[in-house]
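Same chain, two partners: chain A is paired with chain B first, then with chain C.
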Partner chain A sequence: MTFNSHNDVVLSVQDLSISYLTPRGRLRAVSHASFDLHQGETLALIGESGCGKSTLNLGLMRLLPTNARVDGGRIEYTRRDGAPIDVLRLNDRQLRQFRWSECSMVFQAALNSLNPVIRVRDMFYDTAAAHGKRFRRQVRDRALDLFRRVRLDPERVFNAYPHELSGGMRQRVLLALALLLNPQVVILDEPTTAVDILTQRTIIEVLKAIREELNFSTIFISHDLSVAAEMADTVATMYAGEIVEIGPVYELFYRPRHAYTLGLLEAVPRLSAGEEELVSIPGSPPDLIEPPAGCKFHVRCPFATDRCRVEPPPLEPVGENHLAACWEKARVLTHALENAYHDAPR
Partner chain B sequence: MTPLVELRHVNRTFKKGRTPIPVLQDINLAVAPNEILCLVGESGCGKTTTGKIMAGLLDASSGEMLYEGRSLVAYRGQARADARRALQIVHQDPFASLNPAHTIGQILSYPLKRHNMVQGRAAVRRRIWELLTLVDLTPPGDIVNKFPHQLSGGQRQRVSIARALTVEPRLIVADEAVSMVDVSIRISLLKMLHRLRDELNVAIVFITHDLALAKYFAWEGRIAVMYLGRVVEIGATANVIGHPAHPYTRALIAAIPEADPELTRNKQRMKLRSEDIPSLTQIPPGCSFHPRCPFFVPGVCDTRVPPLENAPGFSQDVACIPLTSGMGLQEWAPVEDMVADGP
Partner chain C sequence: MEATPAPPVPLEQEAHMPRPGAAGLLRQGLRRIATSYTFRVIVQGALTLWAVTTFTFVMIRQMPGNPVDIKIDQLMQTRGMTYEEARNMAAGLFEFDPNAPILEQYLDYMGKLIQGDMGQSISSAGTPVIDQILRYLPWTLFSVGSGLLISFTLGVFIGMAMAYWRGSAFDNIMTAFASIVYGIPDFVIALLILLVAGVQLQLFRVGSVLGGVDNDIQAGFNLAYIGSLIKHAALPVLTYVLASVGGWILTMKSSTISTLGEDYITVARARGLSEGRILTAYVGRNAMLPLVTRLAISIGFVVGGSVIIETIFLYPGLGRHLFLAIGSRDYTTMQGVFLVIAFTVVASNILADLLFGLLDPRVRVGGQQS
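Then we have the complex of A and B:
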């Protein structure tokens, strides 16, 4: 699937920057992020711990903690009826409408944060009521339908307490809850991270099936490249708060142009690949309060030149729907093709 | 050659209230000197418990743990202290296992002094320098006076490994030792462990739930796959991963997504008969995987516990009667949609 038409954009993020005020100073967690999310598209956000994935998405939902500041940028959302919404200007009442009905989220580590004394059905009734939907019959019907779609035993799960469900079942309950009010955009923050292999497979299959059936767009946050490889239409690599590369999944995996994306690809083992030569990225992510000058990755980058140390590279087109912010994109690509760990479809 | 450590018919139970829960059943595993053995399997299958028994930190409820051919409980006095020292474990979370109030120098000097590994302050200091260099924490002078919270996760894990090395062990049990560090730096830790194994002649038992990581780390070693407290398959890594025998191993390998879009999207999936992992309080009779197994043979798989032995056509050992008896697996039906109905 390719997404290049401009009239089916549901969420457009332009030049978004977000900081946290910390005792040590201002921490730039998201820096000039821009991307478009199209109808039915799955966008995977990948990158190391602390690179700003969760902050970016909490920003999209306007759910940032009180010490966070949006420093600039725009978030434009297009409703099903075509009406544009300027998310950063919504008032509290409008926000309540926006959240969950238009854009919902399954939070990182939410699995373990379910209130143990609240039955699943009451989570659904409460969520619906908070958004003005008080017809319990309708809520119940919708919930049971969603449970069927995520392959849960509807009646049993609806009446269960969270502790009676396995981790994989709880994650599917949360997914159903996120879909309750039929949003256009669903944000999933590390949905398969704490679960076992066979459970992860179930969640992946359920997600694939249900996004086809219900045609919502997904932002999928994962530090696991393999899940991104399987689920994503588009992949965005984040480093130190910046989107440093974004493009169609095949492009990004087989023809990366940013040295950091390449570094990640060369650091993960592939089960079916036989013996492999892998390399780690040296060093560790930079301090976001005092980030390095030039390209923020230059300190760890094997391709870095003098220019990289002083001049930040712009995010520029390198192919169809593919952008990268790297001064050494040509060398990165050559290296990726020469050391191909795969038979890339060209 | 005598194995370095060996578990023979090891069982382990934990009490839940009054009922003993069988967490390990009839574990037989030998680790040769300088060998790499990976334990893989899903959460709760008994990997950590096995690792702790191998490291001498936990006793078996029944069965034997042998160190250099002799039961660990038979060692006395200095020999016992030496045996205990030879077996070290590195945990998943270096934050929890490193004292936050001590500097890295203090953390490393403590076991050196306690076990009289070196004599005199100058020698202790020299040894700490050596150890930090061994685990690539250089220059050591920058590290010794730091506290654990001043280091990155990867660096802390290197300190844990250096601490395990202070007592010159013969076996290191690395329990999810790289699971908490970022993907981008895991490989450097694994390469370091490989190098230590070569240079210091230690054996490594590497515990992970990540099969791809196990494959990479143990490429020249062996993998043991565990399910509900038993080893269901064991053999050379390339064989277990490349030609998995046990239906459970096959299901795991089929289910794992790969960091390659083409590969992962065209992978054959396997449909299980049930998604539910049975509870340890109600382990199914016979082969404990039979209620989920797509190759289940009624009357065979649900009656007798399958012994772990070689199966014709495979070079690894597997606990599956249809395979080891030569019946073969029927109904090997790969389907696109491997998810069963129901919860």
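Then we have the complex of A and C:
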């Protein structure tokens, strides 16, 4: 197989492109995305709404809506026993087995992710039964154990209907459900956006704790940079369907090389903010049916030059495991260091 | 301002002390029953029935051409009775004295009704109304009930299939079909079946399918009799199905489409559930919810909705019986049938409320979980 030199890569995405067929034309939602996810690693995907984060993750599980097409690329997954899986070539039956037992997902809308007319326990039994685990006793024991780990009252929640639980509780039920089959990869799609700040805190604490106990890799979608900084080992910035910068969390936040990453960082409020004000990124994300030429960010970019308007920048190494696609890397870095983010999220 | 002497403080406090005891518990228990949803629904239903009964009672006595006077006139003319004789006979038939105070008549009527006595039929003297209702009601329940069941089942499956294959040829054809039959009144469908299929195309002999059952077949639990029952019920049932299936199809389709867009369906797919399980427990059960209320309301109109169809097909059900009763000014019968109609509507609405609670835990009523 064509795997990287790292032998602990569990998920390798290579040159993945996904479009939606719309009445106006083809909308390129994810464009040539590549990254590797290592065992136990947490990768945070950050970027504005509509930048393709969710499409990318739905694509990883092949849950795209019917009007979406995978234009090219590979998704390679390595099972615990070392066997490789080519996700894009699985047939329906294999795909059903792959989903959830190898790669599960906690969806953004926790409130609507649970079937309102059946009990929580039936959703656990359903999931287990779909993967050949028909011994209810074992499923129950596993579920109750997971509920304890995510700090829920096990017996009560197990027998409850979704509407009897609060938003934060439902989010944790989903988390427990995602871990039921002990997957290697868990995708968390903005798990903290729909809940209040205290619940958010609890969920993050719970996540950090069980990540260590159960040893799974995580893809973490968020537009909350402080949460991303706290959770992630690696951060990838997405803009207009492309991964424009990817690197270790510390590197990326302290030495950003892409103007868009810098823009996101400058838009985060800081406690010690003195004279300097919050800077928002002007304009809005581009039309993905007819994207701008050159670097797609140039329209909104304060560093843009003539070159940016015509020539798309390649994703190049700028440090150890750190890649960025920007013609003005040096100026961006200088600007970032001048405005040193002393209290950037750690 | 007038200064009122303050009463001794301890006494005042004592007066406000809660006194737990048998009486208090009883009061608490009664309050819980009175505030329970099921109890309220049933009381509401009973009140509705009482209102309908009272209204028909008053209406029939206030109508121009008082039925008693009409009967008296009839008797005097056809049998050559004197006014006195005719009046006594009419009073016997109606089982009330038309000259008695209205309140007395009303109490008399209600008292008998509670005991299940709806009085005697006017047009066929000597037959209790309740006996006639019990004789005709099974026919209507059988034909309209099976029509409703067939069209509901068809509608649910077709509507769901259309939502799954949205935009396909099947979907487009069925949408057109459903909209067209939904727009045609049921009596037009009945007449079209009789005239086009029966008279013009001669697909069946019109004379042989009208009525309830062939007269020459011995009633009993045997194939010939059941076959005859089905043969005669087929056209009315077909009419009911055609007239109502469009509504079920369209409702189920839109309900399924919105359910398919719910996040929990995507999550169920992500969990690797089989399509069969998703179809039944996730899509089907949620998409059916809005239809359950409609189904119960339709059950309520089983009796009342069959008047014209049964008349067209000469089907011996309660609807045709009501039609004949209206024609012959058989007021006691009308009163009885109206009461049955009101009862089915009220009862099926109560059923809908309770059934909905069973299917959807979010509106489950009464038993608040602690």
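By our rule, the second predicted complex is superposed on the first by the 329 of 346 C-alpha atoms of A that agree within 3 Å, B and C clash if a C-alpha of one lies under 4 Å from a C-alpha of the other, contacts with A are read in each partner's own complex, and residues count from 1 in each chain.
The definition used in the following text is that a residue touches a chain if its C-beta (ideal position, glycine included) is under 8 Å from a C-beta of that chain, and two chains touch if they have at least 3 such contacts.
Please read all numbers here as calculations on a predicted model, not as lab measurements.
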Quiz item: After the chain A overlay, clash or fit between chain B and chain C?
Solution: fit
Exercise. In the overlay, answer first, second, both or neither for which of chain B and chain C A:Ala267 touches.
Key: first
Self-check item: Partner chain in contact with A:Ala330 - chain B first, chain C second, else both or neither
Solution: neither
Quiz item: Is A:Ala293 in contact with chain B, with chain C, with both, or with neither (first, second, both, neither)?
Solution: neither
Quiz item: Thinking of the overlay built on chain A, is A:Glu205 touched by chain B (first), by chain C (second), by both, or by neither?
Solution: first
Quiz item: At the Cα centre of chain A, what angle separates the centres of chain B and chain C, to the nearest 10 degrees?
Solution: 70
Practice problem: Specify the partner with more touching residues on chain A, choosing between chain B and chain C. | Solution: B
Quiz prompt | Partner chain in contact with A:Met169 - chain B first, chain C second, else both or neither | solution = first
Exercise. Once the structures are superposed on A, label A:Ser280 by its partner contacts, choosing first (chain B), second (chain C), both or neither.
Key: first
Quiz item: Which value, in Å, gives the least CA distance between chain B and chain C in the superposed three-chain arrangement?
Solution: 11
Quiz item: Which chain A residues contact chain B in one complex and chain C in the other?
Solution: none
Self-check item: chain A residues within the chain C interface of the complex
Solution: 61, 63, 95-101, 104-105, 107, 109, 112-118, 122, 126-127, 130-131, 161, 163-164, 174, 177
Quiz item: chain B touches which residues of chain A in the complex?
Solution: 48-49, 151-153, 156-157, 166, 168-169, 196-202, 204-206, 223-227, 229-230, 249-250, 253-254, 263-265, 267-276, 278-282, 284, 341-345
Quiz item: Which residues of chain C touch chain A in their complex?
Solution: 262-264, 266-274, 277, 281-282, 285-286, 289, 359-362, 369
Quiz item: Considering the complex alone, what residue numbers of chain B touch chain A?
Solution: 42-43, 152, 154, 182-189, 191, 209, 211-213, 215-216, 219, 238, 241-242, 251-253, 255-265, 267, 269, 272, 275-277, 337-339, 341-343
